[in-house]
Structure formats: structure tokens, C-alpha cells
Amino acid sequence: MSVNVQGRVRSSAAMGLVIRREMALSFRRPDQLLQPLVFFLIVTTLFPLGLSPLMSLLRDMAPGVLWVAALLSSLLALDHLFKSDADDGTLEQMALSGQGLWLIVVGKTFAHWLVSGVALVLVSPLVGAALGMPAHAFGTMMLSLAMGTLTLSWLGAIGAGLTVGLRRGNMLLSLIVLPLAMPLLIFGANATDRAIGGESPAGALYFLAALCVITSTLAPFAATAALRITLE
Amino acid sequence: MSERAPAGLDVDSLHIWRGDRHVLQGVSLSVNPGELLHVWGPNGTGKTTLLRVVCGLLRPEQGTVTWLGHPIDRVRAEYQSAMTFAAHETALKSDLTALENLRYTVGLKRAVSDQKLLDYLAQTGVSGCADLPAKVLSAGQRRRVAMARVLAVNARLWLLDEPYTNLDGNGAKLMANLLENHVKNAGFVVIVAHHELDVAVNIRRLELAS
Amino acid sequence: MWTWFYRLASPPYVYGVAATLTPWLLAGAVVALGYGEGVGLFFAPADYQQGDAFRIIYVHVPAGWISMFCYSTMAIAGAIALIWRIKIGHAVAAAAAPIGASFTLLALVTGSLWGRPMWGTYWVWDPRLTSELILLFLYIGVMSLRSAFEDPARGDRAAALLGLVGGVNIPIIHYSVVWWNSLHQGATVAKFGKPTMALSMLVPLLACFLGFMLFFGAVLCMRLRGEVLNRERQAKWVREAIKT
């Protein structure tokens, strides 16, 4: 091709721009950042009320409760990932920017995790303490949640890409993403559980890391393809 | 293929179905440097659909869109950097200011300083809105910001969908001026509008019928 | 050089082939199932541990197997349609999904019925049953996604992509469920294991497999014809086919 493409913006610069844009948007709309966190706290409050305030019982349930609440609240936030940009036409503009949709998808998803995933990880010790988890398990819990929410962000990007044009996409998003996220729950909750019991969580963490790497490499392509289908 | 080297955008017998509706039934067009193509027709004849196919957002079931003789799928990056599309909606993020809106979309296509972006906003008469969030702008101001983005991208091919919407008398004159300048500088324009264009250049018309 | 391929994939041709195949597949299914289920349910010796309850494997195991086979059929057909833009693939995927979901449900129901005499409860979180349940969720997701789109062409492609993503995930889900189960193995949960089977039990089971496969093929052909007719309802050949 001999077409002159002088002055094309480099991919790394474009990626930085997409990430900065997402950050600017999410800090200008703090309610969208806070709501999933509050949801996370509320769901975990439901369990002591529904089960028993007995700390020993709660401690046994803590990893599962924490992980289920984290998955649900992350999914809640993921619904917005492409929707608002698709609604106001800015996603189209970015898709036609010559940068490739793949880059836009990766930038947006990663930025989303940087804000909402990291916030959730930071809040999690609060929930852990409320459920009677010992402090020595917090490190493992946060590490597993960090990998888990990142993996879920990629899976959720596929779901959000597939449901972006749909009016009632929120429910469908959970319906199609949650079955795919079950391995995360298994390994994440197990790692946390072992850390609480004072055992080595390494095995489960390795599995979780493997899932995170596999998903981070494959899911962006699927999410891009999904978005391309629904953008048409 | 004609004997001349293809110098612009060629669209050959496009067909698009939407469910059971045959929206585009074999539309062909071509635009060359210094030409303005005015697409018009009643509502529901596929004008917007045509534009979305031409800019590559929608893949046609049949037919081809070629840029400088190459199918746009093959030269996607080159085509996209030579082209700019202004959709019917203004595509502004309401939480970002006018300047930020430009920075984050134009910046993906070409490196432009904020100072230059402000110049473009001034050219379309909305430099005063640069630091206002887009949600407080009037519909006409939003349209002008979108037009500033078209200028800032500095593309040869403009694909505009109803760019006159919400513009007042002055705005319409400004728009006509911009179109004239672009066409005279060997740019190409495909414009969808439902009224006569008051532009002092050679206008070709493509009428879509239902 | 691809023309033969596209001709094979043309809707009228597929419609015709499916019509021709249906009675043969159905007849084969009746024979194989008649033998397999008949012998399996009435004549094969009872299991020395499980008694007559084990006979449900003549439905449960083939159903579980078809539920997986059908998912791969759906995913592969969707992938072909997505990559080469061969529309008949979407019709195959759309036809296969409800069949697969039904077989998954059958496997779940028979599994839980088996659980009653074995474990004294209708449901245990056995890894295979759990995987099967997640498979049912995946089927439901694919089917809901397809029907959520107003534009059927987009729904088809979205469902095909989700089917593929699910297909990649199924082994991961399955092995993580197995791993999870091995951690929480309680004393009450007996493993199905891989018993060495007497030939008199195995032969009817294989016949049941064959019968289920043929039955699946027959139902797929029938549903595929319906799908093709619906999708091509504007085409001339459909109007002619309906008239005759």
C-alpha cells in the first residue's frame, strides 16, 4: 500500500489516551464508581442477617460470600463498559479512528479494571473483617481478588460487547458471563479459604494466575469480535 | 474497472437487508477529489445505512466499497485515517468538556496540540465553550463542536450525516463555507441532507427511492 | 475451487438432503434404541451393588454424551458460519441449541433420579452433574442471546461467538469443578467411577449410544428444515417447495 499515512498516532500513545479518557470519565461520575462498591458491602451484610451473627459460622462462609459478592458487583459495573459510549456515538468515532477496535477494547477494559477492580480489592479487607476473617488472610484474599476481577473484566468485556445494543442487556450479561466465571469462584474462594486456615494457598493461586493469563490473551479478541458484531 | 486509476471512493451495487427489509437495493456511487455528493431521499430509504456502509461500520451483504481502488476491508487503517465520519448524533461525551471531547477522539487519529484544537473550535465559533462540559451546550453548539472535530482530523474524505441539524442561519452559512473550502482544496464530501444545499461548488446528487 | 463447498451449503440443497436423511436416521434410531433400551432395561443382568437402579445409565450416560456432542456441533457450525460467512451454519447452530439443552436436561433429571436410590437424595454436587448443570446454563445463555436481537443476522453471529467462547471454557469449567469436588469429597458421595463393565451390560449401552446419535441426527435434520424454511421464507424456492 502506497497510501501516505503520515502523522499516524502510535498505538502506545493511543492506548494511553483511551485509558486517560476512561479515568477522566469515571472520576467525573463518582456515583458509577461507588455504586458497585456499596452493592458489594450490602450483599455481604445480607449474609450475617440471613444466616447468623455467629463469627465462627461466618468465618467458614466468608470466602464464598466474599467472592460471590465480588463477582456480582463487578458484573454490575461491567454493564456500563461499552454501553454509554455506544449510545452517544463516541464508540463509533473511536472505532473509526484507524487505531483498530482491538486497542480500544483493551484500553477501555483495562482502565475499567484499574478503577473498579482495584477499588473493590481495596475495600475487601473491610468486608473480610466484618465476616470474621483473620488479618493474616487479607493479603491472599486481595491478591486473589485482584487476579479474579481482572479475569472477570475480560470475560465481562465479551459479554458487554455481545449485549451492548440490547435494551435489556443487563440481565443477559449476567446470564452469559456467570457460568464462564465459575472457575474463578472455585479457585479464588479456595485460595482465600486456605489462607484463613493457615494453609498454603499457592496451588489455587497458580490456577487463578493461569486463568488470568489465558483470559487476558484470548478474551480481547473475542470481545473485539463481539463488539464488531453488535456495532453493525 | 475503468481505464483511469481510481482516485477516490467507489461504491458498487450495495445490497443490505435488515431482517426481511431490503434496505439498499444495488446502490452505486463514486466520489473523486473536489467533488461533493449529496445523498437524499425520503425517510427510511437507507441514507444513514448507506453512509455507515461507506465508512466501514456496516458490512454489506453484497457489493463493494473501494478506496483508491482497494476494498476498504483490506486497507482499513489507511482508509480510516483518510476519512472522517460525523454521524447524525454529535458523538460528544456529556461529562467531558468540548476540548476534552476533541482531545480524546482526534488524538487517536493524529497528534494535535490543545492550542490547535482551540483554533478549530474558534473556526466553528464555539471557542467560548472549550471548557464547558458538553452536557450544558445547546444542540447547535454541540453540532459546531462536532464540526470542529471534522476539521481537526484533517481528513480528505468527509462523510457527514445531516450536519445541518440544529444549526441556525449563521451556522448554516458557516457549514456551507467549510464545505466549499474543503471541496476547493481537493477534498471529497459525501453528505446526507434532506434539503437543498446552498454551496457554491459542483454538487452531484444521488437520490435514494423507497 | 470453493464452489462445491458453497453449493453443498446452499439452503435448498441442505433442505433436500435433510429431508432425505430424516426417515433413515429415524429408522436407524428406532432399531438401535429398541435393541439397546430393550435389552438394557429388561434383559441385562442387574448390577451386584446398585441392583436395577443402575439401568438408568442406558438413558443417562448417552444423554450426557449427546449433550456435549451437540454443544460441539453447535459451536463448530457457528464458527464455520462466523469465519466463512456460510449462513447455513447459523441455521444448524440455531437448530442444535434447543436439542442440546433438552438432552442436558434429560441427563440432569436422570442423574438426579439415580441419586435417589444411590445417595438417598435427589441432588448431590457430583462434579459431572455440576458440569452438566453449568452446560445447561451455557445453552440457555446462547439461546437467550440469539433471541434477544431484533435483527436475526446479528443474533446469529452473537450466539455463534458466545458458543465458541463457551466451547473454549467448557474443559476449564469441567476440570475446575472436578478439582473443587476432590477438595470437598464427603463420605456420603460415592463416585460413579469407571467400573469395568460386563460385556452383557456394555453391548446394549453401545447400542443406546448409537441410537441416541441417530435420534439426535434425525431431530437435527427436522429442526434444520424448519429453520431453513423460516430463514429463507422470502426466497423463490421456498414458495415452490411449500406449494408442492
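Read from first to last, the chains carry the letters A, B and C; within each, the first residue is number 1.
The criterion applied here is as follows: contacts are C-beta pairs under 8 Å (C-beta built on N, C-alpha and C of every residue); 3 or more make two chains touch, one makes a residue touch a chain.
Predicted, not measured: the structure shown is a model, and the values here were computed from it.
Participant: Work out the mean Cα position per chain and let me know which chain is farthest from subunit C.
Facilitator: The chain farthest from subunit C, judged by C-alpha centres, is B.
Participant: Using mean Cα positions, find the chain sitting nearest the overall protein centre.
Facilitator: Central chain: A.
Participant: As a quick test, compute the distance in whole Å between the mean CA positions of subunit A and subunit C.
Facilitator: Roughly 32 Å, centre to centre.
Participant: Could you work out how far the Cα centre of subunit A sits from that of subunit B, in whole Å?
Facilitator: Going by mean C-alpha positions, subunit A sits 36 Å from subunit B.
Participant: How many angstrom lie between the centres of subunit B and subunit C, each centre taken as the mean Cα position?
Facilitator: Roughly 49 Å, centre to centre.
Participant: Would you please write down the residue numbers of subunit A that are in contact with two or more other chains?
Facilitator: 232 - these are the residues of subunit A that touch more than one other chain.
Participant: Please output the residues of subunit A touching subunit C within their complex, sorted ascending.
Facilitator: Contacts found on subunit A: 158, 162-163, 165-166, 168-169, 172, 175-176, 178-180, 182-183, 186-187, 190, 207, 211, 214, 218, 222, 225-226, 229-230, 232.
Participant: Taking the touch rule as given, give the residues of subunit B at its contact with subunit A in the complex, in rising order.
Facilitator: By the definition above, subunit B touches subunit A via 55-59, 68, 70, 75-78, 80-85, 87, 89-96, 100, 103-105, 107-111, 149.
Participant: Where on subunit C is subunit A touching in the complex?
Facilitator: 82, 134, 137-138, 140-142, 144-145, 148-149, 154, 157-158, 161-162, 164-166, 168-169, 172-173, 176-177, 179-180, 183
Participant: Using the touch definition up top, name the residues of subunit A that touch subunit B in the complex.
Facilitator: Residues 1, 3, 5, 7-9, 13-14, 17-18, 20-21, 24-25, 28-29, 85, 88-90, 92-100, 231-232.
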